[in-house]
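Should a chain be cited, it is by its letter among A, B, C and D, assigned in written order, with residues numbered from 1 in that chain.
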Amino acid sequence: MISSSFDAIIPMLCVALAGLVVLLAEAFRGRDEKMPIGGLAIIGLVGAGAASILLWNRNATSFGVVTADNFSLFVNLVLIGVGILTVMFSSQTIERDGIPAGEYYAVMLFGIVGMMLMGQATDLLVIFLALETMSLAVYVLTGIRREQQQSTEAAFKYFLLGAFASSFFLYGVAFLYGVTGSTSLDRIGTVIAAQSMSGNPMILLGVGLLIVGFAFKVAAVPFHMWSPDAYEGAPAVVTGFMSTGVKAAAVAAFVRVFLSSLEPMITDWAPVLWLIAAATMVLGTVVGVAQTSLKRMLAYSSIAHGGYLLAGLVAGNDVGKAAILFYLAAYALTNLGAFGVIALLGTRERANDDLRDYAGLFKSHPALAVLMTFFLLSLGGFPPTAGFIAKWYVFSAAIGSGYYGLAIIGVLSSVVSVFFYLRIVVMMFMTDRDARPVPAPITTVAYAGLVLSLAGVLYLGVLPTAVIDFAQASISTIF
Amino acid sequence: MLALIPLLPFAGFLVNATMGRRLPKTVTGGLASAVMVVSFLIAVTQVWALAAMPPESRQVNQVLFTWITAGDFSLDLAFRLDALSAVMILVITGIGSLIHIYSTAYMSHETDADFGRFFSYLNLFCFFMLMLVLGSNVLVMFVGWEGVGLCSYLLIGFYYEKQAAADAAKKAFVVNRIGDFAFILGALLLVVTFNSLDFTTIALAAKAMPVEVTFGTLSLITLLLFVGATGKSAQIPLYVWLPDAMEGPTPVSALIHAATMVTAGVYMIGRNAVLFEHAPITLGIVAVVGAATALMAGTIGLVQNDIKRVLAYSTVSQLGYMFLAMGMGAFGAGIFHLMTHAFFKACLFLGSGAVIHALHGEQDIRKMGGLKKHIPVTYWTFVIASVAIAGVPGLAGFFSKDEILFETFLHGHQILWGVGVLTSLLTATYMFRLVHLTFHGDERFGAVADGHDAHGHAPQHLSTPAPEHLSTPAPQHSHGVHLHDAPAPMAFALIVLAIGSILAGYVGVPHALGGHNNLGAWLEPAFQATNCGQPVATGELAGIALEDCLPGEEAGVEDHAALELSLMAVSSLVAFAGIGLASFLWLKRKDIPAQMATQFAGVHKLLLNKYYVDEVYDATIVQPIKVVSQEGLWRGFDVKIVDGAVNGAGYFVSGVSIVLRLLQNGSVKTYAASIFAGAVVILAFYLWR
Amino acid sequence: MAIGHYLVLSGVLFSIGAAGVFLRRNLITLLLSVEIMLNAVNLAFVAFGRQFGTVDGQIITFFVMTVAAAEAAVGLALVIGLFRHRESLNPEAFTSLKW
Amino acid sequence: MLFYAFAGAAVIGSLLVVTQKNPVYSVLALIASFFGLSGLYVLLEAPFVAVVQIIIYAGAIMVLFLFVVMLLNVPREDAAEWDRAHPLYRPMAVRIGGALALLLALELAWALSRTAGLGGGVADQHPAVSSVAELGRVLFTDYMFAFEVTSILILIAMVGAVILAKKKEE
C-alpha cells in the first residue's frame, strides 16, 4: 500500500501546494505590498490541469483509496475550469470588497482539493473527509465578508445544515460499513453484488442516508432549503464557485457511489431519486419565478439544474452518464459566467443584484448585458448554447431508459424556467433606468474570464461532439 | 455555398449588432438589405442548379459538422436543399430583401441606434428562418424555430416604451413556448421511435410502417408536432398572440407575421409529410383545426377597425387554409398557398404600412377613407393584393386557394369544403371592406381629433395614442394637407410584391385550365420518402432507391377536370359576390352595416370582441391567479413592472411560486426540518415498502 | 452485549441529537446537538468494528472526531460572528435571508 | 449491566443537553454523556478510543465550546422576542422536529429489529484488536491518505476560524 504510486494524487497535490504557497505569500506580504496572489492560484490550477491531462487513460490509483480514472479526470478538469474562472472574477471583487486575498485564495484552493477528492475517492470514508474539506472551505468563503450580517448568516445556515446533513451521510456510511465490513467502494460493490441485499433493512438505511447526504450537497428537494439563502448571502463570486464546484463534486461522488458499488440496487434507489429529481426540477423552476433578487433567482435555477443532473443519474444508461458529465461542464461554464456578471456589477456596499438594478443595463454596459443574455439563454436551454445540448442529452437519456414522466416534467420545467431568465433579459434590454450605483470599471482579467465562459458556452453548444466523446470515454472506463 | 445563404444575414446581424449604433442609417440599412439581396441571388443560383438536376434526385446536402452523438445516435449540423426548402428560401430571401429595402425608408424616423437595432434583429430573424427551412433534421430546424421565436419577440417589443408592445411581445413568447414544449416532446419521441432526427431517415422509416388507423405512436408524435405548429402558426387554440403582435413595426408584421415565420408550422408539416400521412387521425385534426381557424378568424376580421388587425386576422384565416390543405394531404397545395400568400399578404401589410406612414401613425380605418387620390401607388398595389387574396380568377390567390378547395372536395369533405368557400366569401368581403373604408368614400382623417372619443365601442388597443413613430409627434391632418405617398424604396417593394401577387399563381396553373401545375410537380418528390439525393453507396439500398426515384403516376388527375372547373366557377362567383357585397355595404348603402350592427348587436359585439377568447382566457386562467399573486403584493412586490414578463400562464406559475416560497421562511430550523422530514420519509419508504 | 443493543443506543442518541436541533433556541446548543449525532455514529462504528474484529471502526472514529473538531472550530467562529452582529444567539434572530 | 449504566449516562446526558436552557449546563451535560460513551468504548474493547474520547473530545473540543459560551456570556436562552417574527413557523418547527426525531428513532429501531444476525453478542465472532500498536500501524498504512487529508481539513478550519472570528480591522 505504502509503495503505491503518487500519480493519482498529483492534480490534488498541485492545487494543495498552490494553496500553501498562497498562504505563505500572504504571510510574508508587506502591509501595502501588492502581490499577484491570484496568479499563483492559477499556476497551481493550470498545473493540476496539465497533470490531469497527462494522467488521461492511465487509470492510476494511489493508496488504494484514490483513483485517477478518466471519469474523475473529467470532473477534475471541470473543477479546474471553475477554479480558474473564479480566480479571474475574484481578482476584481476581492479588492473591491476588502476580502483578505491570501486567505481567500488559499481556502478556495483547499476547497478545490476537497472537490477533486470527491470525484477521485473510491472509499466512503475518504469521500466523507473530502466532503467535509470541501464544505468547510465553502462555509468559510460564504461567510468571508464578516462585516455583513447576511454573509455570516448565510454561512451559519449553510454550516449548520451542512453539518446536520453530513451526520446523516456519515450514519449511512456506518450502516454500509456494518453490512459489508468495509468502506471501500469496490469491496462494498462486491459484497452487494455477491448476495442480494435489497431485503436487508440495514443496507437500505445506509442507501437512504447516503441519498440524504448527497442530495443535500446537490441541493435537491427537500434538502435544498439552505441553498437560496447561502447563495444570496455569499459574495457573488463565491456563489458562482459553490453553485458549480460543489454541485459538480457532489454529483461526481453521487454518480460514482450509486452507479458503481450500489448499481445492483438500482431498483431500490432509482424510484426515490426519480421523485427527488422531479420535485427538484419543478420546485426550483416554480419558486424561481417569484424572485426579485438575481442571486436568489439563479439559486433556484441552480436547484432546478441539480434536478436535471439527477434525472441523468436516474436514467443511469450510458447516454445518461455521459450526459451528466457534459451537463456538469456546460452548467459550470454558464452559471459561473452569469454569477461573474452579477459579481462585477456589485459595489462594496451593495450587491446590486435586484432585478431592477438590471434595468437598462444594455445602455450602460452593452457588453455585460450581451454576455449575460447568452448565459441566461444557455441556462434556459436555448439552442445553440451549451445548455440546450446538455438538456437534450439528459432528456433523451431519461426517455431512453423509459422515464417518460421525468422527461416531460423536465421539458416542462425548462420551458417555464425561460420566463424568469427572460425577465432579466427584458430588464436589461427593454427597460430604461440609470439610477443604479455605478460599479467600478471592470478589469481586463475579469472580462477575459467572462469571454472565456462565453466561448465555452458557445463551443459546447455548437461543437459538442468532442466533449461528448470525451465524456463518453471517461464514463466507459469505470462503469 | 448553401451555408452562405443563412450565414450572410448572420454576418449582417453581427455587424449591425456590434457597430450599428455608431454607423449612419444608410450604412446599416444598406448593409442589412445588401446581405439579404446577395443571399437571395445565391439562393436563386442554388435553386437554378437544383432545377437542372433530374426531378427525382433534386437534393443538395451540406454537412457542416457532426453536432451531437450519443451512443449510436448521431446528428449532423447539416443543410438540405430540396424542392420544398427551395421554395421556402426563395420566399424568405426574396420577400425578405424587399421588406428590408422597404424598411430603410419606413424606419427612417428612428434614431441611429434604434435603426441599427431594428436591422440587426431583422437580419438575425432571416438567419434563423433560413436555418429553420434549410435544416436537414429536426434539431437544426428547432434551432431556427426557437431563434425566430426569440427574434419575433424582440421585434414585437421593439417599441418597448409602449406597454401594449411589451405585453404583446410577452404574450407571443409565452404562447410560443407552450407550442415549443409540445415540439420538443415530439422531437424526443422521434428519437425514441426512429433513433434519428434526420428528415429523410425518418421519412424512409415511417414509410415502412403501416398507416395508423388507430391512435398510435406516429399519431402522438405528429400531434405533438402539430401543437408546436399551432403555436408558431397561430392556429386554434394558440392563435391569440398574432393579432396582438401587430404592435410591432409594420415591416415586421409583413415579414414575420405574414410571409415567413407564421408559415413555419405549415412548412414543418410539409417537411414531415410522410410522417403525417401515416397518421390520418392527426391529419384529420389538422384539417378541422385549420378550417375552424380559417372561418373564425375570417368572421372576426369582418368587424375589426384597425387596419393591421384586419390583416392579422386575415393571416390567421389564410394560415387556416394552409393547414386545411395539409390536413387533406394536399401538401403541394398548402405550400403553394403559403407562397402566394407570402406575396399578397406582405404586399397588403407593406401597403397598410404605407397608409399608416402617410397618416403619421393612424391605424383606425374609420378615420381613413378617400385616400385613393392621395397615395395612388399604395392604393393600386393594395387593390391588386386584395383582389389576389379575394380569389379573383387570374391572380395568385385564385390558383392556390382553388387547389386547396378542390383537394378538399375531392377527398370527400364537403363540410370542410363548405367552410372553405364560406371563408373565401368572408375573405373577399372583409378585404374589400378594408379597401373601401381606407381608400374610397369620404375623407374622414381630418376629423380625427373630434371623433375619437365618440366611438364608444372602439377596441381597447386604439385608446392608446398612435403606436408607431413615437419620435415624431403626430400632427392632426385636415383636408387639403398633402399626404405623401410611399417613398421610392417603399414603392419599389410594393410594386414588386404586387406584380408577384399577380404572377405567383402561374407556377401552379392546374391541369384543368390547361396548365401543368408546375409547382405541384416540382414539390412532389419532397413529400415522398426518397434518398435519391444521397449518393447511393451500398448495394442493397440501391434497388430501393431506384424504385423510389421513378416518377410518380399522375393518374386520375384529368378525370376530375370537369369537377375542378365547376368548383372553380363556384369559388370565382363567391369571390365576386364577396367583393360585390362589400362594395354594396360599405360604398353604396353605408347605413346597412350600421343597421346590422345594431340589429344583430349581439353578434356584432361577439365578433368585435373576437369571440371573447382573450376574455375567457383572462377570466379562467389569468384572473384567479392574479388574485393569488396579488396576495403577495403586501411585500411591495411590483407585479406590473417586475413580474410583467410573466403573462397569462405565467401568472399561474408565479401564483404557485409565491405560495411555495413562503416555505422558505428564513429560519434555519425550518430548513433542518425539511431535511429531516426528507430523510425520515425516504427511510420510511424503504422500510414500509 | 448484542450488537443490536449498541445500534439501538446509537439510533436513540442520533435521534436525540437530531431533535436537539429543533428544541433549543440557542445556536451553541444547536452545534452541541450535531456533536451528539456524530458521537452516535461513532458508537455505531466502534460497535461494528468490534463485531468484525478489526481496527477499522476505531480508526474511522478518530477521523470523525477530527472532523467534529474542525466543524466545531468553524461553527463557533461563525457563532461569534453572528453574535457580533445582533447580540443574540437565537437562531430566529437571523432570518434576514428568506423567500 | 455496565452497558445499561453507561448507556443510561449517555442517553440522560444527551437529553439534558437538548433540554437545558443554559448553554453552560448543556456543555457539561454533553461531557457527562461523553463519559458514558467512553465507558461503552471500553466495553467494546476499544480503550484507546475511550481515552481519546475523554482527552480530545471532552477535554479539548468541549472546552472550546465552554470557552465560547463564556466569551459570549449569554447564560440563558434569549426570550422569545425573535420568535414572534414567525408566529406560524417556529413552534411548528419544534413540534415537527420532535415528532420527526421520534419517528426516526422508531424507524431505526424497527429496521434493526428486522435485520437478521444482530442478536449475537458483539464479541462472539472475532477476537478484539485493541492494541494501540496495531491501531497505529493500520492508521499509518491503510489510512495514511485519509490521515493526510485531515491535515488540509484542519488547515482550512484554522484559517477559516481566524478569518471568520477575527475582529474587524481599522
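Simple rule for what comes next: contacts are C-beta pairs under 8 Å (C-beta built on N, C-alpha and C of every residue); 3 or more make two chains touch, one makes a residue touch a chain.
Fair warning: this is a prediction, and the values are worked out from it, not measured in the lab.
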Field: Farthest chain relative to chain B (centres taken as mean CA coordinates)
entry: D
- request: State which chain is most central when centres are taken as means of Cα atoms.
  value: A
- prompt: Hey, how far is the Cα centre of chain A from the one of chain C, in Å?
  reply: 26
Field: Inter-centroid spacing, chain D versus chain A (mean Cα positions, whole Å)
entry: 30
- prompt: Using the average of all C-alpha atoms in each chain as its centre, how far is it in Å between chain A and chain B?
  reply: 42
- prompt: If you average the CA atoms of chain B and of chain C, how far apart do the two points sit, in angstrom?
  reply: 63
- line: Two or more other chains are touched by the chain C residues 7, 14, 17-18, 21-22, 30-31, 51-52, 54, 56-57, 63, 67, 70-71, 74, 78-79, 81, 92, 94-99
Statement: Multi-chain touching residues of chain A, meaning two or more other chains, are 125, 129, 132, 136, 139-140, 143, 146, 152, 155-157, 160, 164, 201, 204-205, 228-229, 290-291
Message: Please output the residue numbers of chain B that touch at least 2 other chains, ranges allowed.
response: 661, 664-670, 672-673, 676-677, 679, 683, 687
Query: Given which chains touch which, is the overall layout a line, a ring, a star, complete, or other?
result: complete
Task: Would you mind writing out the residues of chain D in touch with chain A in their complex?
output: 108, 110-112, 114-115, 141-146, 149-150, 152-153, 155-157, 159-160, 162-164, 166, 168
Field: chain A-facing residues of chain B, complex
entry: 65-71, 73, 77, 139, 142-143, 146-147, 150, 154, 157, 160-161, 166, 170, 173-174, 177-178, 180-181, 184-185, 188-189, 191-192, 632, 637, 641-646, 650, 653-654, 656-658, 660-661, 663-664, 666, 668, 670-672, 674-679, 682-683, 685-687
Field: Sites on chain A touched by chain C in the complex
entry: 125, 128-129, 132, 136, 139-140, 143, 146, 149-150, 152-157, 159-160, 163-164, 166-167, 170-171, 174-175, 177-178, 181-183, 228-229, 232-233, 290-291, 296
- prompt: Considering the complex alone, what residue numbers of chain D touch chain B?
  reply: 86, 89-90, 93-94, 96-97, 100-101, 103-104, 107-108, 110-111, 114
Query: Once bound in the complex, which stretches of chain D touch chain C?
result: 3, 7, 10-11, 14-15, 17-21, 23, 26-27, 30, 33-34, 37, 40-41, 43-46, 48-49, 52-53, 56-57, 60-61, 64-65, 68-69, 71-72, 74, 77-78, 80-83, 85-86, 90, 93-94, 96-98, 100-102, 104-105, 108-109, 112-113, 115, 118-123, 125-129, 134-135, 138-139, 143, 146, 150, 153-154, 156-158, 160-162, 164-165
